[in-house]
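A quick write-up on the structure given underneath.
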Amino acid sequence: MELLEYQAKELFRQMGIPVLPSQRICQLQDIKQLTIPYPVVLKSQVYTGGRGKAGGIRFVENTIDAIAAAQMIFHLPIMGKYPEVLLAEAKYDADREFYLAVVLDGSERRPVLLGSQQGGIEIESQFDRLHQVIVDQEFSPYYARRLAIRMGLKGDLIQAVSAIVEKMYRLFATCDLDLVEINPLAVSPSGKLMALDGKVTVNDTALGRQALLSEFTHPLLLQGKAAQSQTSPIARVDLAGNIGVLCNGAGLTMATLDLLYKAKGRPGAFVDVGGEYRQSCPTSTLESRIQQGLDLLFESHDIQVILVNLLGSRLSCAEIAALIAAQVQQRGKYRSLPPIVVRCVGEELAQAKTTLESIGILATDYLDAAITETLSLLPVKQI
Amino acid sequence: MNFTAESKILIQGISEPLGAIYTPLMQAYGTQIVAGVSPGGGGKPIADIPVFDLVEQAIAKVGRIDTSVIFVPPYEVMDAALEAIAAQIRQIIIITEGVPPLDMVRVLRKAEATETLVVGSNCPGIIVPGQLLLGIHPPEFYLPGKVGLISRSGTLTYEIALELTRAGLGQSIAIGIGGDRILSSSFQQWLQILEEDDQTEAIVLVGEIGGDSEESAARYIAEVIDKPVVAFLAGYSAPQGQFQGHAGAIVASRIAGLGADIGSAQSKLEAFKRAQVPVADRPSQIPDLVKKVLEQV
Amino acid sequence: MELLEYQAKELFRQMGIPVLPSQRICQLQDIKQLTIPYPVVLKSQVYTGGRGKAGGIRFVENTIDAIAAAQMIFHLPIMGKYPEVLLAEAKYDADREFYLAVVLDGSERRPVLLGSQQGGIEIESQFDRLHQVIVDQEFSPYYARRLAIRMGLKGDLIQAVSAIVEKMYRLFATCDLDLVEINPLAVSPSGKLMALDGKVTVNDTALGRQALLSEFTHPLLLQGKAAQSQTSPIARVDLAGNIGVLCNGAGLTMATLDLLYKAKGRPGAFVDVGGEYRQSCPTSTLESRIQQGLDLLFESHDIQVILVNLLGSRLSCAEIAALIAAQVQQRGKYRSLPPIVVRCVGEELAQAKTTLESIGILATDYLDAAITETLSLLPVKQI
Amino acid sequence: MNFTAESKILIQGISEPLGAIYTPLMQAYGTQIVAGVSPGGGGKPIADIPVFDLVEQAIAKVGRIDTSVIFVPPYEVMDAALEAIAAQIRQIIIITEGVPPLDMVRVLRKAEATETLVVGSNCPGIIVPGQLLLGIHPPEFYLPGKVGLISRSGTLTYEIALELTRAGLGQSIAIGIGGDRILSSSFQQWLQILEEDDQTEAIVLVGEIGGDSEESAARYIAEVIDKPVVAFLAGYSAPQGQFQGHAGAIVASRIAGLGADIGSAQSKLEAFKRAQVPVADRPSQIPDLVKKVLEQV
């Protein structure tokens, strides 16, 4: 779960990472309560990047300018998203801009410290200039100093920058982050450091145990999309086509979609009812997840055929067939449903076939056959 | 690697929902589950398996343990794994999904220091067809044989095992290394293990988009693997961001010099091409490719 | 630095260790503001143990009883100390009482978990029944479960007790404690746990870095004797005799006192001006520490002779002699000072002897000679 | 143990107050100080010694380091020691006083895992008379010879060295193991090292009241040390609580089965008596006892 800039900076403040005085602007009249002296920077608080180039950051010299700029930013979509909050911050004159980050590296299977003396908006084109230090053993501040040295820093800046990296790492470890990034870290002519922008991504698996911390530190940690995704783990992803796919497991779902595309089909939505080993959704509720998933596909008006592809050691074809048959009969009372192809594997396949064929649904244990059959059920012109 | 019908197995979290479901299935497959651990549940056997409060109590009672299979809830996985390592268990399989990655990093550091083989988290475990089941693979999809199967997926692994089995190509072992960002054992580690395994004559590697595991594996195959390898890849058509790895990981991969496009199906496909690893177009094509590479040996 | 019970319990509450509702009573009229329903327990908040047997814990049924009991406790010295605060706490009926502690064990060079099913006031006579678990590697909750098992617990109590031990360990590690103890940990008939008394000792070396934490958690962490001992590291310890000793280093000070006792002398006070390698008192101020120490001994009216024994690689006998001579001459202007014997070792001893003998002070480089000389300077009847 | 005139020495915290004072004294004694570390101070030599920002930079420039002597402030000691260990330095001497004990525990765990010898914290370090000085012993009190001196104290160690030197009994080595509660190397470790050291013919052990180091050392001497040992003990007359170890430590020691009276002078004296280790009545008596035990060998 990504945090907004002002949330990230609130965490920075608590960790002792230097940030500028700032205020949240939730509505235009908040501008009048600004206690930060002008000039002030107003920044759109959206999750996507590139807001500077899109015009979501404005410098203002007085209240009148500020209200006009805030109104503009509130109505400026960035990558399609409107901000709910702006951040008003003191203006800061940087002599130089550094880049610092701590990120979880799946390849090294360790946290990695990243840094560059060339920070700012061009960092994405400068990955080659990023220096890295892998935190192979338990963290100790010498890793942070090592990064400062690799960045080419000298003298007092070594300790000043490594002190900030150390705090970033503690935030990273304490809050189970995927990423904490400061870009730019402004360096004043006298060597003073200031985090001008901040990005924090919390690992979703850890949200459940950061509840207490977030109460102490920042209640926003548990708001937003992640909390939602925890309470309803089954979601339909809509695509541009007309075939609905219900499958269990991300890999099998992707492979099934790939097969449909390769056969010139156009998936219109898919639901991954999940693997068998997630503790948060015990297997005992697999049945209810299949039902939820089917309903989600039934709700999509673009879907003209549904492919159900389920594999696993505890899936009985007969049970799946009974489940689907019951649901189709129940939902079919009130509306017409798209045709369904069911692919499952097991000893009771014959029984499943009987159950499903009686209501006009084809069942097979071969994936290729299921793909072919699914496509054949589409109206001819649609292919 | 020490996975045979003689292996002595411990189940940590035997009374957790998944542990309670899969333990009897593993037992039914002939796996020698000699003990279970469930803190607070010690003394009450489950499916005739003695249950203990602590791993060290289990070992004191039943003797040496070769492998522990962990089913405890996500936030208890790190402690369970460290407890197993402290009790000298040197093979650990973590089935649980949703383990915080920094917990896995701590387990990994300890595993490396103690030369412990850890699989997972978020994985279906290991099956050695005809010998033992350590996890949740559906055993009816598998057949004893000579093909080693390594996969990042769960159910897709079963799909491919099924295709191999239907084609009469049995498996020496199948390992789901897991789908999480921090994986305790990598494709490389398992490629090396299967390269040295006498039972394995060919290897099927099942990858997904996201991360750089497949790219690294391809390079590794080109450099040190002599046994034939066939790959399969899922996610050519996946919508952007839906299954992709995290931007931060991509940043880090780029810095590691793995190219800007890392993680995409195209990048992985090209990596396999460079390594001269045939990539199957669909699961049902895999048996043909395996037969072909085996004939070339 | 030891904390008072109510301070320890405030930390327990923050860590999620169950404690009873309680209120601090700083003066008698606070009793009237009690929101805890009667019956209530009033407890004297003193640093020493044995307050229960001394009468410092009273159960009261109503406000009138409570005021009388509080008045009594405020005026009851325990090991010579009067409480400044009482703690009023809900009464709790325990079925059983356990003992739990986490302590730093210098012998094992590790933290050690301690526990017993036989807690309560008799624990000191029951050390043999205490079970221990050494935390040899980085802590993980299985160490806490191991303690619960060694204590002989079964079933749900294993997890319940180990969860509390885990929190105690986190408190121990986070706050750099020497000791955290819960005695008794009450067990209700239904297996619910409650920390009825708590003891927390913070390691003095860590006080400097617990400032931030203590601000977040408990401002009292930095109050009391430890803060004082940090600002004035030179202290005079008074004994029953008449010889003053000024020495550098704890070991040498103890050995010097031992030699005086063995020679039938009676030390009346000593000042350890400290080793050479303490970062908090850099060597450059050794001179001022010697001056402070001498002044502290001059202030004691029982001291009839002073032995100065200083050793170290950067101590010049000539400089010490000059320092002592100057101070004696300065202080001696206004009052009569006890005779002094100076023991120091170095090349400039001859010069030091000259300096000191000119004002009637003997200097020697032999410790035994210094001891003999010191005793010889006492009035004969005093020996 | 590798402490000779040829040893290459690093000073961590060379620009800290104590580092700046004692580095020239060590150098003057002939100690080969090849580099200093002072984060932020790299590139500016001190007393002709090259100074670096990181330990790894120092090693890259000057080559192998045998021992690092640490003078950094108390809260930076753990990091400095871990940095030295990570850079493969296998002997570390921590002079600094006031290091939080849990920091020392973390250093110790790492030191044990890497077989690193750590001395301190809060200690005068090591002197090998005539060869090298690693710390703050006053070298003029010492004389090359055959007596190994191990002590928990600082200045009391010098006192006893002085008595030996005055009596013509030189020292093979003197180690101040430190006065803190968590000591990275114990009396036992040093007894074992000196037992194996060819230069050492007799050992003087200087203890204090508090803790159970002397009791444990006495048991260890009785069990495995063949070289003659003489002990001295400070604190017979110390007022209760003034120099005593912490109640918690005593609790723990009692549980460890070391008796209820642990930590007192009486307990230590009896332990030495049981181990047949003569205990000197006063520092000036030590040379006589050493001569006596050497004659008996």
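Lettered A, B, C and D in written order, each chain numbered from 1.
In this text, a residue touches a chain if its C-beta (ideal position, glycine included) is under 8 Å from a C-beta of that chain, and two chains touch if they have at least 3 such contacts.
Treat the numbers as computed from the prediction; the structure is a model and nothing was measured.
When every chain is reduced to the mean of its CA atoms, the largest separation from subunit B belongs to C. The pair with more inter-chain C-beta contacts, choosing from A-D and A-B, is A-B. Each chain gets one centre point, the mean of its Cα atoms, and the points for subunit B and subunit C are 54 Å apart. A straight line joining the Cα centres of subunit A and subunit B is 26 Å long. Centre-to-centre separation of subunit A and subunit C, using mean CA positions: 52 Å. None of the residues of subunit B touches two or more other chains. Within subunit A, contacts with two or more other chains are made by residues 137-138. Of all the residues in subunit B, the ones that touch subunit A in their complex are 16-18, 21, 25, 73-75, 95-102, 104-105, 108-109, 122-124, 136-141, 151-159, 162, 179, 181-184, 186, 206, 208-209, 211-213, 216, 232, 234-239, 242-243, 245-249, 251-256, 258, 260, 281-284. Those residues of subunit C that touch subunit D in the complex are listed here as 101, 103-112, 114, 127-128, 130, 132, 136-138, 173, 176, 178-179, 201, 203, 205-206, 208-209, 237, 239, 247-252, 254-255, 257-262, 267, 275-280, 282-284, 311-314, 345-347, 366-368. For subunit C in complex with subunit B, the touching residues are 137-138, 140-142, 145-146, 148-149, 154-159, 162. Touching subunit A in their complex are the following residues of subunit D: 39-40, 42-43, 53-57, 76, 78-80, 82-83, 86.
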